[in-house]
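Listed below are the structures to be examined.
Each of the two complexes below includes chain A, the first together with chain B, the second together with chain C.
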Partner chain A sequence: MKLAARLSLAVLLVAFLLAPFLVHPGLVFIAGFAMIQIVFALSWNLLFSYAGLVSFGHAAFFGIGAYVSAVALRYGWHINFLLIPPISAVLGAAAAFLVAIVVLRRANGIQFSVLTLALSQLVVVLIGYSEYLGHDEGISAIPRPVINLGIATLDLNNPLASYYFVIVIGLIAIALIWLVVHGPIGRTMQAVRIDPERAAFVGIDVWRLRVVAFTLSGGFAALAGSLLAPWAQIVHPDYVNWLASAQPLFATLLGGAGFFWGPVVGVLGLAWLNYAMRTFVGLSEIMIGASLLVVVLLAPQGILGALRDAVRRRRGKVAGEHR
Partner chain B sequence: MMSLYLYAIYNGLVLGLAIFLVSSGLTLAFGIMKIFNFAHGAFFMVGAYTAYALTGQEASSLFVFLGAALVAALLIGFVGVIADFAVFRRLAGVPAEYTLMAAFGILLLSNGVSKIAFGQAVHTVYPPEALSAFLDVGIPVSVYGLFIIGAGIVVFLALEVGLNRLWFGKLVLAVARDPWMANVAGLRVQRLKLFSVVLAFALAGLAGGLLVANQALSLDLGHSYLLYAFCVVIVGGLGSIRGAFIASILFGLAESLNAVVLPSLPGIATYSLLIILVLIRPQGLYPELSQ
Partner chain C sequence: MLEIRSLDAYYGQAHILHQIGFAMAEGERISVLGRNGAGKSTLLKSIMNAGPTVRGEVLLDGKALGRTSASDRVRLGMSLVPEDRRIFTHITVAENIRLAQQGTERKSGLPAIADVVAMFPMLKDLVDRMGGQLSGGQQQMLAVARSVAARPRLMLLDEPTEGLAPVIVEDMAAKIVEACDAYGTALLLAEQNVWFARQCTSRVMLLDSGSLVFSGSWADFDASGELVERYLAV
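Let's turn to the complex of A and B:
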């Protein structure tokens, strides 16, 4: 089963890498967009599955990255665009750090979730005031950059170059998140999620660890956001509001919250549903709503959890316990 | 200048009680299910559309208007029965995030169905003739606004008395506080939960029917009120009707005075107030014992 999982992961990777040669440009656009959403969902899941914090306002950090890179491109900042994703990540992490040290002192559980929701809605309101950020209409017609790599230049106006730019940065981000989760910080986070009191008892500084987790997560979300401007060429407040914040939650629970790769499966599933239902007004919402209900009621472990159980059952090892 | 503030305060009260009408059901649902029922906003919207479909652009009389709101409440309450049997009851033992996601699924479902059933147009609905007048008491006061204030107070008193004084309300509170213990004590937990969920849904439908003429009727109607209602439930104390009542009025006044005091920064007061109040008093104005 481990082998099957690794094989499917490899197939997925190859599919992402070869997409421009296999499918039509519309689907390539969706693939690039899905990669951005994957990084965003993984950054959220870092909080949810590993640190046990449910953020309802994560799109605010995504928005920081998106608007930084949109502004840099739209107003022609003289800066190598290769530096924009790291700069966005640092800014997002800094903002997340400030939020975390204030919010986590006072609130946890549902209060934490609603405070993050309120803060992100405040960001939406503030964007609406700003002429520079294009009020409620956002920033559109964002030019794609030409990146100077020293020995060569990378012109993102070439569709292939911009696709691989998004995919490579996205894969780097995924690899970094994987390292965080599987390293000592990730293990400590899990301890805190499972039992904060006991974790504190064995000497883990719970509050500090949550701040670290929130900071890292905000940084990765901003990194994902910074890829949006050159790819979609439009950034608007709808990417920042509470419905955008709910997307990683769906993706994670749909794919399987207990799995590192759960959000990836979830994002791809949602992207496929949206694509398949794109021509029917209202029907896409009905289908997504219905599939969320089906997953919750029939496979509460998500798609990956259902697959794992199916494999176990075929081998005769019925788990048996009620979850 | 003075009358401007008076007018803002009056408008704030109307908005506050309107928010309370929506958040009363959400508060009740939170007490029982311990989650934010995202679908609440959608059912509020469906309730408003139902009333609109029954009365047209202007209800012929106050009784027709009230009757339509009642029908909306019954219809949404019936949806609540289905939702409880098909979804919420089956998710009683799993972590709350899954109920949350189910509620979001129901939200998307009802949004999609409404899009197909009602279309994307924006409608303007007028209050019935009996409520459409304006009184002049120094400032122009709409009778419909007074009606909303009155309806909000009536719903508040009914819930407050019903939950805290009547035997049935006490049973519901017992289940909200500790379903396991209530079960041990021999209460019919499932049936009481069903009753509360249906009541919460019906309140959403009722609010939709009563507030249909308060603003333009569109598919986005649920969103703005839903966010207010979230703020109210948190600040009120997670399931406390009394807290929700006070918080609703606070948010209504904040939003309304925002337009007078800070006209260049629309919409900032609500979220700032929420953040300040939660940081000062994270447990809420009237913390529920079970939290």
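Let's turn to the complex of A and C:
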């Protein structure tokens, strides 16, 4: 990784860590929410940029994590909350695995995307029927847990503890996704994305690899969702529907598809846009949409793609001047 | 080791191969010659279950492979290097080789990347270069090296010399023979370059319009002087 990129990441990390001491609580809430969205968007991008599959219904897996976490807290499950994110990840991965072994047998292009969309809408409908899950109103007034760490307790009713819990779990998830895409599985996923037939010629079972990618992606999406309940203290079907599924897609396209850190830049860009436009009542959605349109038209490869091109142009110009 | 019985291959309605049958022993090296469109590539792809609709039998060690997928055939020790090279351009030379080793069932006895590169010195200084930054000859050498790296029992090479400079062709012939000898790998080579085929193999088959019209040693081939004129001349 280039020095400038490393420095940018370091600055971003420090900004996240120092946010509670630098900005007002409203912005700290946005920062925590952005971290959850970053993990969600990275889980989607793991599937899109590395395995070449487009999911239009990924919020279903995010929703599994969000609702598992919400009911565990709301109905007082006697489980140490520290176990809820991994349990959510396992359940999300299991659901994704079941979907993958059925759907990927028959479809992997647009049909696959449409089927995932149908799946997420089905989950929304099922939630609407469930009294346990709060019907269309969802689950609100979710209490924050006190986590027993063995040698000490971590009370998430303390806003600072709650923020750092989200940030630390989020960073662990980002590190795990990074390890997956930069390890042998990630290399193999990319080979399958670029040319499935060529991958089969070197012994890669393309179907199995896609199932693994979808399972991992669903697991990480659910892990992201599990952080929502203790942070926002409300979970409802809007976090599961097709618009929620579009968020990681927007973030990835805005930040730069094909870049690991693209979704991170995209989520932060969207968060900033939402915050900057918040006072334009009734116009904010239009302004956000127009802003996104401008970015996509001017930088079809996203913000990171535009930055990369600018750096290359500058290097070319400097090399030309020295010739 | 490999036996082909009454093999017919189709692309849609087009009947490409007609009743092909032959057998290969462990470590044997055979060329398949023929004009463009004779069915050489289709034969290799049919053996790998990599495209054409196939009728007839492909047996490995006496077991019919049936509908076994191409990737599973790789795991059984077969490896196809297709005509269009098909290296992965987004990863380095070393990663291309490593990927092939990941895809094999064999977990021990795989050569180290350094040993593979030592066998194909053209790649020596290119280990960290992206696949897309290699020349055509280098890509072809990498495609063969990648196949060798998985230590297949049977290597299927589809016209590896196409578009390469003569000096590279000479070098490649030597390297293929060396690699096959080192690992006891059998070779089925589809070629139009008779000189190259002769360097690499001990037996030759001739395909014409999808049918096998000759099978024998190079001495038999040379003794049948009209074969080149009738089936290989443009």
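As a working rule, the second predicted complex is superposed on the first by the 314 of 323 C-alpha atoms of A that agree within 3 Å, B and C clash if a C-alpha of one lies under 4 Å from a C-alpha of the other, contacts with A are read in each partner's own complex, and residues count from 1 in each chain.
The rule is simple: a contact is a pair of C-beta atoms (placed from the backbone, for glycine too) under 8 Å apart; a residue touches a chain by one contact, two chains touch by 3 or more.
Not measured: the values here are computed from a predicted model.
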Touched chain A residues, chain B compared with chain C: B
Touched partner set for A:131, first chain B, second chain C, both or neither: neither
Partner chain in contact with A:184 - chain B first, chain C second, else both or neither: second
Chain B versus chain C as contact partner of A:117, first or second or both or neither: first
Which of chain B and chain C A:194 touches, first, second, both or neither: second
First, second, both or neither for A:204, with chain B first and chain C second: second
Partner chain in contact with A:102 - chain B first, chain C second, else both or neither: first
Residues of chain A touching chain B in the complex: 54, 102-103, 106-107, 110-111, 114-115, 117-119, 121-122, 125-126, 128-129, 242, 246, 249-250, 253, 257, 281-293, 295-297, 300, 322-323
Residues on chain B engaged by chain A in the complex (per definition of touch): 36, 87, 90-91, 93-94, 97-102, 104-116, 120, 227, 230-231, 234, 238, 265-268, 271-272, 274-275, 278-279, 282
Contact set on chain C toward chain A in their complex: 48, 50, 69-72, 74-75, 79-82, 86, 88-91, 95, 98-100, 102-104, 146, 150
Contact footprint of chain C on chain A as seen in their complex: 184, 187-188, 190-191, 194-195, 197-206
